[in-house]
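Inspection log for the structure reproduced underneath, given as structure tokens.
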Amino acid sequence: MIQQERMTVVRQREIAKNIFEMTLQGQIVQEMTPGQFVHIRVSNLLDPLLRRPISIASIQKDSNEFTVIYRVQGRGTNVLSQKQIGDEVDVLGPLGNGFPVDAVQEGQTALLVGGGIGVPPLYELSKQLNDRGVRTIHVFGFQTEEACFYEEEFTKLGETYYVTNDGSKGFKGFVTDLLNELKPDFDVFYSCGPLPMLRALSSMYENKKGYLSLEERMGCGIGACFACICRTEEGQEKDYVKICSDGPVFEKGVVKI
Amino acid sequence: MIQQERMTVVRQREIAKNIFEMTLQGQIVQEMTPGQFVHIRVSNLLDPLLRRPISIASIQKDSNEFTVIYRVQGRGTNVLSQKQIGDEVDVLGPLGNGFPVDAVQEGQTALLVGGGIGVPPLYELSKQLNDRGVRTIHVFGFQTEEACFYEEEFTKLGETYYVTNDGSKGFKGFVTDLLNELKPDFDVFYSCGPLPMLRALSSMYENKKGYLSLEERMGCGIGACFACICRTEEGQEKDYVKICSDGPVFEKGVVKI
Amino acid sequence: MNRLDIQLPGLDLKNPIMPASGCFGFGREFAQLYDLSKLGAIMIKATTVKPRLGNPTPRVAETPAGMLNAIGLQNPGLEKVMAEELPWLERYDVPIIANVAGSTTEDYVEVARRISTAPNVKALELNISCPNVKQGGITFGTDPVVARELVEQVKAVSKVPVYVKLSPNVTNIVEMAQAVEIGGADGITMINTLIGMRLDEKTGKPLIANVTGGLSGPAVKPIAIRMVYEVYKEVDIPIIGMGGVSCVQDVIDFMSAGASAVAVGTMNFVDPFICPKLIDELPAKLDELGVKHIKEIIGRSHRP
Amino acid sequence: MNRLDIQLPGLDLKNPIMPASGCFGFGREFAQLYDLSKLGAIMIKATTVKPRLGNPTPRVAETPAGMLNAIGLQNPGLEKVMAEELPWLERYDVPIIANVAGSTTEDYVEVARRISTAPNVKALELNISCPNVKQGGITFGTDPVVARELVEQVKAVSKVPVYVKLSPNVTNIVEMAQAVEIGGADGITMINTLIGMRLDEKTGKPLIANVTGGLSGPAVKPIAIRMVYEVYKEVDIPIIGMGGVSCVQDVIDFMSAGASAVAVGTMNFVDPFICPKLIDELPAKLDELGVKHIKEIIGRSHRP
């Protein structure tokens, strides 16, 4: 159930250039699944006005905590990055439908492909897949070494490859370049990142089962305002989906990207 | 000279119901005189937008600190009251022309009359008058006991009387009622508070020299926008004054109140 | 005693608070959050004869204390609204105000005629002011003669009272209000959004795919209050006020200026529980103002 | 190389940044804070034939991300401006744009004729849009025929180029812009304030003594950008853009939409050093955008 809660900041630190990891504590953590997001109001004042959608990066149900990883991009995330331990943050969530962890079976292999700030939701996904006995391969693309994060965390969970546009870390190029070389053997892929990456993956693995997490500018975040619409491919039941409430995760081939 | 400075909060506490005392540290303290004010930007964001004018309540030049006392009234002062030690606050000041301390001579007596949140600027004034060997009598009106502050501080400097509308502390009634009974002997009066009080004082002490500190809603605070105009009495050189830059303190009889 | 009930043409409101059209869909999403029967009324999303897919994305952008939107009246069309959305809403004890949109007079008339027969639709809100539809839409809202004629035609077919939603993008809002009053409007709802734009910081190109969008939220409140204040003086039909309502004081302000009820738009996105919160906070606010019933504050700005 | 200089009719600007009329007085107060020669130009406070004492107070009120003002064109009158203010400003190496106001055509013509002879007045800004003067003022700004005729008459007497300041309180801003262009305007400045209101929370009465006030500040920026964008497409004279500029990105936005220079109003009150700060920050912003000279971004929103 969607709830609004004033959650408490229990941790906040810069983990890469302009990338912050923030842990919040509160009841709604109990409802969270990987790939879902929360909608955060960064100020009680009227500027910045709208909530910011941020993916759930990891969930610690036992301590009622969850973690987000976000890039300071504009005014809202900048305000967020100034929150200190003990401050309260107004969180609406959990929102949307996350990654189906049961789309891959114990013993099978999942390929997780992330780009930049699309990597965070794949962390909780990977944890849960590993818990289920699924092997995970992680392939992540970043602009430069400075922007990379969570290498250690992912490495613990499975094979992990970093790709940077400028080659400052790992493989130089795009994730698809590396995947072309690597030719990994897998059953299902899960992906979150920029549209060109999602498009390339979809055509590259045309015959594989795959799930994509999409982004769009949002108003309400709960399906009421029609801000975050995406047209669907021919043959779907509806002409369109709402990314906030029907997604953000869709099976490959459902939405026009 | 008027300067803009990011000053540091070194102290903040609630000294009466909804009344806060905040001490800020920075260079511009060196330029301050009693009765002047500062214009405070409470947030770097766009809401609340305008600066808030607040009087200088006391000045500690040796430690580069000054203190304001303000009532949490609306959104801006509410944000201000949440600042914590170490936070920075954007201050423009010192602004305006304060109380002329040299309008009264050593050995003479000054009557200081304040109402509510008009009391704070009289504190630094009283300190400086006492330093010059002037005797000070303090007569202050408040709504109720809960709103009273600085009794100890003022008592140290001279005879001090509190008046409350409901009689919950000191004399019951208005400051003018008490003054009618008290009939204090003094040479010059200084006053800051609500207009009806200033008006009553002006006619009560028609033949005395006196100074009044006025308030008006402000835009710029430096004399450029013509928001804070007040008409002058007949016979003055100009038709109007700007409260921010010509005042906020005027000699009795100069402005139409 | 209910200190908050308001009677308006066609509408028996438990309280003067309702979500504004387009900011609440057809209620389904918010029904997950709270009991819709709590609301004074619901203004449902604009309905057009045929389904509309709306504008390309991005459709929204944030602005200082406000937002721009260019949804483009996306809606499932009259058939589906009549067959699915309105019947679903019947489970709640709340009057529905149906927002009627179109590009031609015939469109408006058709939607009004049909949708006004739904049992829970107690009033229509004629949307002559949506700035995000290219054909027709906006001219209805800026030309008093065209507006009056449209209202006449819609009134002729509607089974329920007709409120007309005014656009703030005009030189003379009073002239528009008077025109729709003469046309037979039972009430006025105001304001719709102001036309605005935001540019992409890097490219300088319009950020919203539709180029322009409608500005809403607290930023526009001073304009909305001014318009309600002006219109109240010059018309005799009731006003439902909106534009930037974000707290209980804003409700008081709109009603003081002359509104008989108040709609909340953008702030539903910022605080999805805002409508029930406002309703809960109103009685204490009335106490503070020393007022027994909220009706007493309607138009108080104008009293000597 | 100066990457910021802009040439406009009558105006050789070191940079495109200038304080907006009414937000900078005649410069004396800000001269205490920084060297006025740094500015691209100065738009001085509205000048009328006779001195004006303006409206009663309160004259300003804060609104979400904006403010209302109803100063009422207080100014010392043409004589004093010519004898004291303009000569005082001559010590600075900065072109002055004189804001010309009045209630009748004769007033405007008289001020324009005289003030345009001052040596440092390089252009006039015809204020046909002040919402805070009761007689005349506002109709000049909302009726294209009246506006055009006024511009013609002022052009006939002015010794310097005439810019016309447009009101945003109109249904069709392009029509107004075209009218003043036909009337002979050398440029357009836009936007003036939007008419708004705020009520006293306790009494419900208008907070501003003048009842309504002009809304300015960041809240109105989306409307201003939209209007500059629309007007740029339809006129051939240059635009000086304003309305809510609060940071260097806003300068870029206005110029992208089509402004050749940018004025800063309300934010001078919030950050009195904003103009020199913006000027200092522009070169780095140009680097970021990969642009050599700021001229290159003028109108880039419109390029394919």
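For clarity, chains are labelled A, B, C and D in written order, and residue numbers in each chain start from 1.
Heads up, the rule we're going with is that a residue touches a chain if its C-beta (ideal position, glycine included) is under 8 Å from a C-beta of that chain, and two chains touch if they have at least 3 such contacts.
Protein identities per chain, from UniProt: A, B = Dihydroorotate dehydrogenase B (NAD(+)), electron transfer subunit; C, D = Dihydroorotate dehydrogenase.
Source: prediction; values computed, not measured.
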(message) By that same contact rule, can you tell me which chains touch chain A and chain C (Dihydroorotate dehydrogenase) alike?
(response) B, D
(request) If you tally contacting C-beta pairs, which comes out ahead, B-D or A-D? Let me know. (result) B-D
(message) On a C-alpha centroid basis, what's the spacing between chain B and chain C (Dihydroorotate dehydrogenase), in Å?
(response) 46
(request) Averaging only over C-alpha atoms, locate the centres of chain B and chain D (Dihydroorotate dehydrogenase) and give their separation in whole Å. (result) 36
(request) Express in whole angstrom the distance between the two chain centres, defined as the mean CA positions of chain C (Dihydroorotate dehydrogenase) and chain D (Dihydroorotate dehydrogenase). (result) 34
(message) Could you pull out the residues of chain B that touch at least 2 other chains?
(response) 46-48
(message) Which positions in chain C (Dihydroorotate dehydrogenase) are in touch with at least two other chains?
(response) 63-66, 217-218, 246
(message) Thinking of each chain as a vertex joined to the chains it touches, would you call that graph a line, ring, star, complete, or other?
(response) complete
(request) State the interface residues of chain A toward chain B in the complex, per the touch definition above. (result) 43, 45-48, 75, 79
(message) Using the touch definition from the top, list the residues of chain D (Dihydroorotate dehydrogenase) that touch chain C (Dihydroorotate dehydrogenase) in their complex.
(response) 63-66, 68, 142, 169-171, 194-199, 201-206, 212-213, 215, 217-223, 225-226, 229, 244, 246, 249, 252-253, 256-257, 289, 297, 300-301
(message) Give the list of chain D (Dihydroorotate dehydrogenase) residues in touch with chain B in this complex.
(response) 22-25, 28-30, 32-33, 45, 51, 53-54, 57-67, 69, 71, 74, 217-218, 246, 266, 268-273
(request) Under the touch definition given earlier, write down the residues of chain D (Dihydroorotate dehydrogenase) that touch chain A in their complex. (result) 64-65, 218
(message) Using the touch definition from the top, list the residues of chain B that touch chain D (Dihydroorotate dehydrogenase) in their complex.
(response) 1-2, 4, 41, 46-51, 76, 92, 216-231, 239-240, 245
